[in-house]
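As written, the chains take the letters A, B, C, D and E, and residue 1 is the first residue of each chain.
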């Protein structure tokens, strides 16, 4: 496959980096306008360069890539890693999403943060995030990807805790980082496993392309490595068991939730698996795990979303759920479907978050849907765009979500994972239910606003509205890149990505191919999913428009279930009970007090006082009585003489 | 004739008696006397051993020991007097300002 | 044979000139002293100092000699020269730190300085002795003078108590030493050291008289060098004695005792070293351990230094136990050299703190010294570090040399015990430093050190010695080794003239 | 054997120390001390520039006879391992002096500068000495000023801390002294002459039992210095009570002497034993990593947190060393430097905060970012470096160590990697409690942000963190040849052990085979 | 010396020796020691050390013991005060002393049975023989004793004089001794001085 040097790739990173520096050092002095301009501008510039690269890439034969070698990084013994950037079909899609959606959200932020004093810090973080995410995406090797991987985690941490004077927010930020770090252990160990396996045969590389040429060597460790890396992905992409941080991450500014916790960062896990498809394809069991975890997460998160009343939390659980879909997609081998959903999700979930941000902005920080309602007329643009987003996520054709989710479900079914497919379908229904529940509770019905907020409700300024509109458009048309093969430019997205997922080496299983002959089956499947979605919408309409009193009664009826869902299956509590508390208790009482203070220092001080006590005891011999001295002397003399008597008698 | 070892045995016994005296008497002057007894026991051994070897060295040493004993007696008794002036006692038990 | 001719005796006068000089000096002081008030005794001290200086110079001239004179009674060689020099330096420093002390405490100067010189003479005799009787007499001369010196603080009951204890135990111990000499004499038929070596080199290894004799001598010398369990007098005597005398005891007496001890055991009883090194092994362990352990809990600096002196005796005995190593002798000599300077310096600092009638000898009296008298504190810190064995000071290099000799002789465990002991010792040495530097303390009024040039000089000498001997050990190690070799290397029977 | 650079490097600070003693007013004391500390810094940077990255053996060698009876010489040399530790030392001494002059040290500045410069001499000397005796001398010399620094300018239970520090280290080093002497004795028996010269001693064949004991002697001394679990408890006390500059020097350079000792002495002198002992040391290192992190987590005192974090980080270093492969060793040395920079910076920051508030109790703070944003940002960067965020220096070291460990022992790496999480946990938790949350104490609203001097202190460190994180090549490439030399020794020892193993197996198998033949 | 006489003298010496350490009155102790010394003097003569035997009686009994008596009277010391106390010390002290004696006995029993020289030089033990040794082989030692005695005198005077008394040191006898340091100071004179 051909690669072409494309030094301008460096610019994609350089612009956000400059943005960081500017905002960090001059942000406060330069003033709000300059910060807004620079902060968002650099991302637009990066987007422009990305488009340039994309166009260049399209002009090249399929499977080609652009690269930009930077400088050598870690070298130790035979191990070496170089910094290098690479854009191929996969990273091109991802980069476009990151810079494109990112640019819009930056723009939106300018409006959203218009009243916040810490605008410079905000844009520093945001630019830093864009930079890190781009490092992740553009990395040509696993370790460099890890820089971005941890970098975005850092930015997530900083941005969740952006309003750090709220102790809870600060805690949530740290929680996100720590949970991510736990996942990163898996990532690191995965890297080690790969390096060790390759090193055994004298191959020292972490470069994606180079690694993909050594699938034979990777095969023995493929399962371990794939699972370890996936563990990393569960952290970053908020899958079971490490998803717990994401709902709490919603305390950050809403554009952050849109950018980081919906559109880009959280999908990094999916991207990584797609990137390492050659590895995953070597380990079918690992794929099964990915798919299962994805499906279960999708379902599980969706059920939790049903009962949430915080508008952003609903979206957060829906994000978890949607990423579960993506995992299901890549897990069953439908990589391009997974990535496709990643892209469409970026559009509609970004949109949904921004819309919710718009609502929150309008209501001065109110996030509880129980205190909303009837905003349809007051926030028309927001309502319209959010509805589009909701339809997209509910997989209603022709909105984008339909195409991507459909491909995933098809893949699941086609690869023989009927149960997973079924879960996916049910989840699709639940998804449309809770999403429309959100719409209805927020925009329809009677207003439950607090009176003094009622008057100040206003539609967002253009700087916020424009991104909404653009994203809404993308949410509609974004899916069309994946039109079925029999339609128009049919399945262009998949063809574009195909060389990336082409099977390599003798052991790899091919990406799931949905063949044309099963078109009818495919259509049936689509219909089933669609129906499930529609049922969801209908139920939502029934419950929240027609019979608004019903939810309460159902909740009363199934109080236990509701409590279970409300408490998110008590996962946080279980983690707290099983891990956090024992850890702290052990550290405090056993390690710090017990081992360190009592045991080791006890031995140390004890031997110290033993020596001192020995001194105290021994000094008592020195009674001051001269005859005692003589006696001691004599005893010594008798002993010495005794020794010689012994020598003589021997 | 008496074997030399008998003299040595006598010397050893007297030495031990002197040693015991140092330990069991409280009066420092008597302790000092016991020490003199020890020295004289050694003198006996020296003379006896010298006799056995047939050299005068032993006797010469005894001569020097006597001188030393005299010198020690002078200084020792002076110290005892000085002590007595300070503390009005010659009891070894009461020498207990310095300890530990 | 009814007559004897003086010509038959080998009079080598030149090498004993230092001894004569010291004797003469003592007598001069004794003669002129009575006319001088106790407050003005510094002049006498200067005479003593001059005497020591003269003796020092004379000793330097004798270096390189290697003769037995007076029929083998005196062994004049580099070994004796080395020790004489050390003893003279110790004496000079002692006198130097006495000048003001003696005047302040109203001590009878004439007697004091002459006794110091007499003691020095005894010490030098021990270093020079070629036979057991000279060693004995030297020891007694030194001891009797020091017994008296310890009791010189007439108004202080502690002083006379210390003197009495020291005296009683010393005399007691003399009995043992003498018994040892008698038995060795009985076994070998001679009291001249060279013939003793010749005799024990033949078939004496299991002679009961010899064994018991050397056992008793071990005990006697063990007392003088303060080896546990014969050490009990040490702390009391050190604490009660006038501080310069304490310094003199800690250095002069100890060095002299080791001079005799080493010459008898390492050199002349060397052939039967298997018979005594095990005892020294045990003594070394006991001495180091007990010394360090008790030093740990002392609150009086003089007493602490006394126990520290005991501990250091333990290290030296460790070196002696390594008799089979060719380095042992040189190592011990070197160690003693470094130890002397350091200990003298430490006591000089203690004296610097004292005022007439008020002994500032508690460790807590040093509190905050670094703030009020940084120079004194720094000097004391250097001494303490050297004693603790911190490089590059003399104490460390000495320990290094000793340990290496002991390891050479295969005494691994002994060295490990010694190392552990050193670690313990670090505690109480650093405690002084902590008091001086880390604690805020009583602002003590110390008589200006600049007004006491002799004392200042003593401290400076201590510092210079401690640092120089440590950083440039080469010449001193060479001197130590060759000095010991001079004693050890002399053919056993090169006595020039003997009657009969 | 010409050259005077290393001597100059070592003894200029000592000269400076006495130069400082001459100064009278406080201003000139600080200034002269700082200037004197810049000279060795300049020299070390010059040496870095002219260092030949392809040469594995010692460079700029100087050798003069010192105590010929013992075969002791003044033999100094610099290789890829010591080079960077020396630069770290010179840099941090300068920064510490610069910082301390800004109000951290209020009493007795003359003595303080004196001690710092003497300490520098000891540290540099110990790093450059090739003669074991010379090494030991410097090794002990550096103890004294540090001990006095804690004792004089320390806080709280400083006396206890001083004694603990001194006794722990002295105990170890005295055992090492015994081992050194024994080794030299063995060398004499083998080579026929006394020598303390390291290259000579490398060639001494020892019996297995001897080698084990000697290794233990060295290893205990170095393990205490590192400090490895469970002989680490002197460190939290010493670190906590020491003045800021003291903590910095302790953490940044002094602890490295232990690890350096393993690299320079314990392992190359007794490679067979080192290989044998690997499981023990790896286990202890891993325990140290986890244990240090867990205990750090629950400390109420900021400095104690940092101190225990050192235990954890040095556990990584030891783990890397005993991986005994290029990745592990490179990582270990690199991590030594990282830890110097990061933890040094952390201690400086804690010192800065202490000067302002006279407390280090975490619960006394909260919401500081509002009042001291610059400080908070700097703290953040330093913290991220300390927890090994990729892109900053800590990651390179940790990654290489873990990789090396993984290649050596998968299980050890699997446990050790938990340290990465725990590291983040305690540091971020502390950061959160100090910098974030609401301002609960009114005093915290009025404290001042970083002064110019403090910024000047922190900027080089932060620059280093970035540089070392993104472009480690100049460092790694210079240390690697020297480390490979070490690995060659270890490899040869491994070969010997393998051969022996084969022989043993053959010997054991022989009767069986004979039996079978019959 | 015939064994019977030896046995008698030995028994006497031992009994007197015990007298030294058992008598409660210090004066009696001194007298008991004097008896031992005289007894030993006789034994010396039996060992062909006639001169020494006489010196023993003259110097020791005549000079040193008298000195002790003077001091006891000067200080007016009565019987031993704490006679009944310190039983432990007494017990262990006696046991240890007995053990020491036993060890010596063991050594003496095992000592090689060298025949003593029966034919001694004609002047063995005479004044002349003693003097010849003293002034040739032991010349240095002899001279040292003079210094030793001098030191003892200085020390004794320094300690024994009254605290505030002015220093009076010079006596004619002493000054003569001082002025001739290297010459032979005859020892009876020295003893007299110390007495």
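We take it that a residue touches a chain if its C-beta (ideal position, glycine included) is under 8 Å from a C-beta of that chain, and two chains touch if they have at least 3 such contacts.
This structure is a prediction, so every number in the text was calculated from the model and none was measured.
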Third chains touching both subunit E and subunit D = A, C
Minimal path length between subunit C and subunit E through chains that touch?
-> 1
Closest to the centroid of all CA atoms, by its own CA mean, is chain D
Higher C-beta contact count, A-B or B-C?
-> B-C
Tell me, please, which chain's centre (mean of its C-alpha atoms) is farthest from the centre of subunit D?
-> E
Based on the averaged CA atom positions, which chain is farthest from subunit C?
-> A
Between the Cα centroids of subunit A and subunit C the separation in whole angstrom comes to 78
Return the distance between the CA-based centres of subunit B and subunit E, expressed in whole Å.
-> 7
Between subunit A and subunit E, what is the separation of their C-alpha centroids in Å?
-> 102
Chain centres from averaged Cα atoms put subunit A and subunit D apart, in whole Å, by 37
Subunit A residues touching 2+ other chains are 619, 622, 624, 626-628, 630-631, 634-635, 637, 641, 644-645, 648
Considering subunit E alone, which of its residues make contact with at least two other chains?
-> 86, 89, 92-93, 96-97, 100, 103-104, 107-108, 110-111, 121, 132-133, 137-138, 141, 145, 148, 151-152, 155-159, 163
Multi-partner residues in subunit B (2 or more other chains touched) are 15, 18-19, 22-23, 26, 28, 31-32, 50, 52-53, 57, 60, 64, 68, 71-72, 75, 78-80, 82, 85, 92-93, 95, 97-99
Give every touching pair of chains, nothing left out.
-> A-B, A-C, A-D, A-E, B-C, B-E, C-D, C-E
Subunit B partner, complex, touching residues on subunit A are 619-620, 622-627, 630-631, 634
Subunit E residues within the subunit C interface of the complex | 103-104, 107-108, 110-112, 121, 123, 128, 132-133, 135-141, 144-145, 147-148, 150-152, 154-159, 163, 167-170, 175, 178, 181-182
Parts of subunit C lying in touch with subunit D, wherever the complex brings them together = 370-371, 374, 385, 388-392, 396, 400, 403-404, 407-408, 412, 415-416, 419-420, 422-423, 426-427, 430-431, 433-434, 437-439, 473-474, 477-478, 481
Touching subunit B in the complex, subunit C uses residues 133, 136-137, 140, 144, 147-148, 151, 154, 157-158, 160-165, 167-168, 171-172, 174-175, 178-179, 181-183, 185-186, 189-191, 235-236, 239-240
Could you please specify the touching residues of subunit B with respect to subunit A in the complex?
-> 19, 22-23, 26, 28, 31, 92-93, 95-100
